[in-house]
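A, B, C and D label the chains in the order they appear, each numbered from 1.
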Amino acid sequence: NKEAISNLNNENILRYSRQLILPEIGVKGQLRLSNTSVLIVGAGGLGCPSAIYLAAAGIGTIGVVDYDEIELSNLHRQILHTESRTGLKKSASVAASCSNLNSSVKCIPYHTVLSSKNALELINQYDIIVDATDNVATRYLLNDAAVLCQKPLVSGSALKFEGQLTVYNYQNGPCFRCLFPKPPPPETVTNCSDGGVLGVVPGIIGSLQALEVIKIAIGLPDTFKQRLLLFDGLAGSFRNIGLRPRQKNCAVCGDDPSIKELIDYEQFCGAKADDKGKNLTIL
Amino acid sequence: NKEAISNLNNENILRYSRQLILPEIGVKGQLRLSNTSVLIVGAGGLGCPSAIYLAAAGIGTIGVVDYDEIELSNLHRQILHTESRTGLKKSASVAASCSNLNSSVKCIPYHTVLSSKNALELINQYDIIVDATDNVATRYLLNDAAVLCQKPLVSGSALKFEGQLTVYNYQNGPCFRCLFPKPPPPETVTNCSDGGVLGVVPGIIGSLQALEVIKIAIGLPDTFKQRLLLFDGLAGSFRNIGLRPRQKNCAVCGDDPSIKELIDYEQFCGAKADDKGKNLTIL
Amino acid sequence: MLITLEFSGGAEMLFDNKKSHEVNLPDTEKWTIGSLLLWIRDNLLRDKPELFLQDDTIRPGILVLINDADWELYGQSEYVVEAKDKISFISTLHGG
Amino acid sequence: MLITLEFSGGAEMLFDNKKSHEVNLPDTEKWTIGSLLLWIRDNLLRDKPELFLQDDTIRPGILVLINDADWELYGQSEYVVEAKDKISFISTLHGG
């Protein structure tokens, strides 16, 4: 339904010149980036670096979903916001920062909670989904929605000095549920509000998510499909973990799935879909 | 000569709350960050992420050195600049973006070429130096200046899909010259203008440089002293390399150094101190 | 039999915040990951075993690795532990 | 004797842009890094040997690694190569 961009104008040839000369990208790869749409869910510590590096690289359309407003306590890690924007919508702030860097990218902010009601319609409009969220319920929701819409899901997470990165539901690789069929007990889940996080750790993981998106958009091999990156910022170590293949008995991506439409994920996880409140089970 | 900051005001307690609760940081670590000054040399692909994450974390003073003005072809990787700032000074642009995020950080732009004439005076005013430059001559200059001023040097570099990171001249570890006593033949050196670079690759390395600075400022162990990180973005691999210790016969940091003041680095390297022109030997 | 146990992603908080443990398993039996889990509960866990095990297996949300690969690739709890193995327990992160 | 050679940071451009090479060294002699460098020049290098070697040793700006550690830690060109060794040649990057 979108008209494909089939050539680069002179301004864009200049703008992207340093990546156009990479043989792995070239004009063909740049056009693929221009014709790719990416939905970033979460305009926080992971979403900020992801969004700005995708805008810089010339992804055609970037959607940004977040229900939240900017607070001072976000600014130690959410680097696209500014002091003067505190109280304003995060999604609009990220879109504005991306447009300031590259006005040829179409940036669409969605100031809304991603829910079982709107997720499929939103995700269906995009080619690649970035999980830059901050809570378990939304991660299951996003996983199931990405599987049902058949979109690759580039998943990042960070807490304290640690980060994790993988790509779900891509090229017949596993999904989040293949690895974790059951949600963790709510009392074992720590969020950034309670556990803390050093801002640059989601910065590194979010940047790596942008790289994965670019590789998927261009069709480069060696993505983090069926692989997990473990980053330990205190040790300065990166580990590459081989993961299981897609599980035939997976409830959502398996051969005979039981989940064919989105469910109630707060109920499923026993926890609210934000990183603020206490767990439902405790309330 | 600077008056030390000895407590956090309420606004800063709120701003840094998510990193203050990390036991490795806490109020003591946050105060150390506030009392640390960092000189970032290069306001480009590495300098941008480095600067913004250091500003976000609350480094007290950030100096930014760059002689260059913003061009459209920078924006695919230099994410703190904007379209509307093309033609303006890079150093001022980075300082402005950092101040917009965190006005409590003192950001000092230096619109100048780092040279053998001004390097020692500049570097002496800072605690930690970030090498975010783009050419061999400036890297030798910065190394020698950091050794002569006894400052740790957090070095990053990127080209195409690859990046490298290490920390020189820290805690009796090696310096750049310990590893590379002789400069490379100019005809073997590729810069980002000629070889190209995917923007997010310096994004990842520059973020990792910010993390190293934070660890050094706070006094955390396990930095990249005497270690080299090799990042291959195409393969999605990170390798940790053990390096040689400080070399007793090093010309600048050795036991009987022959270099006791800065020399002519363009002549030493046979190449100009920018990433634009052709090599001197070819001219 | 000497092996290395690693905990990360928060799982280390159940083990004195120590991420790496060298342990010496008694040579009295053949060790599977299943029996190792119970040994960890009885010998290393300080308190709150339910945050690590549920129904005698690993609780949801912790990924078990055998020498840096998903235990699912090695038969999960049936895998027979060998000397020098590195068994890791990675709690998944959800922050962002 | 089978070993792995790796080239990165741009050094791979001298070797058909291939980053990893499995090579089989003839068992006729004891191989040091020094003699390996000459073997690489004569058997793998396509052209411009001066961009890889100078005065029969590695040219300035390329770091040599023996199994992911600086060759300086192993006596540089004197190191005796063993089967399955991974010898890497890393051209330092200067871009930013």
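Assume a contact is a pair of C-beta atoms (placed from the backbone, for glycine too) under 8 Å apart; a residue touches a chain by one contact, two chains touch by 3 or more.
All values reported here derive from a predicted model rather than from experimental measurement.
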Length of the line joining the C-alpha centres of subunit B and subunit C, rounded to whole Å: 40
Geometric centre distance via CA averages, subunit D-subunit B, whole Å: 29
Multi-partner residues of subunit C (at least 2 other chains): none
Per-residue multi-chain contacts in subunit A, two or more chains: 160, 192, 195, 197, 240
Category of the chain touch graph - line, ring, star, complete, other: line
Which chain pairs touch, all of them: A-B, A-C, B-D
Contact set on subunit B toward subunit D in their complex: 42, 44-47, 132-136, 139, 156-160, 162-164, 179-185, 187-192, 195, 197, 202, 228, 230, 232, 239-244, 275
Subunit C to subunit A touching residues, read off their complex: 8-10, 50-51, 54, 59-63, 65, 68-70, 72-73, 90-96
Interfacial residue positions of subunit A with respect to subunit B in the complex: 11, 14-22, 24-25, 49, 52-53, 56-58, 72-73, 75-77, 79, 81-84, 100-103, 160-161, 192-201, 203-204, 207-208, 210-212, 214, 220, 222-224, 227, 229, 233-238, 240
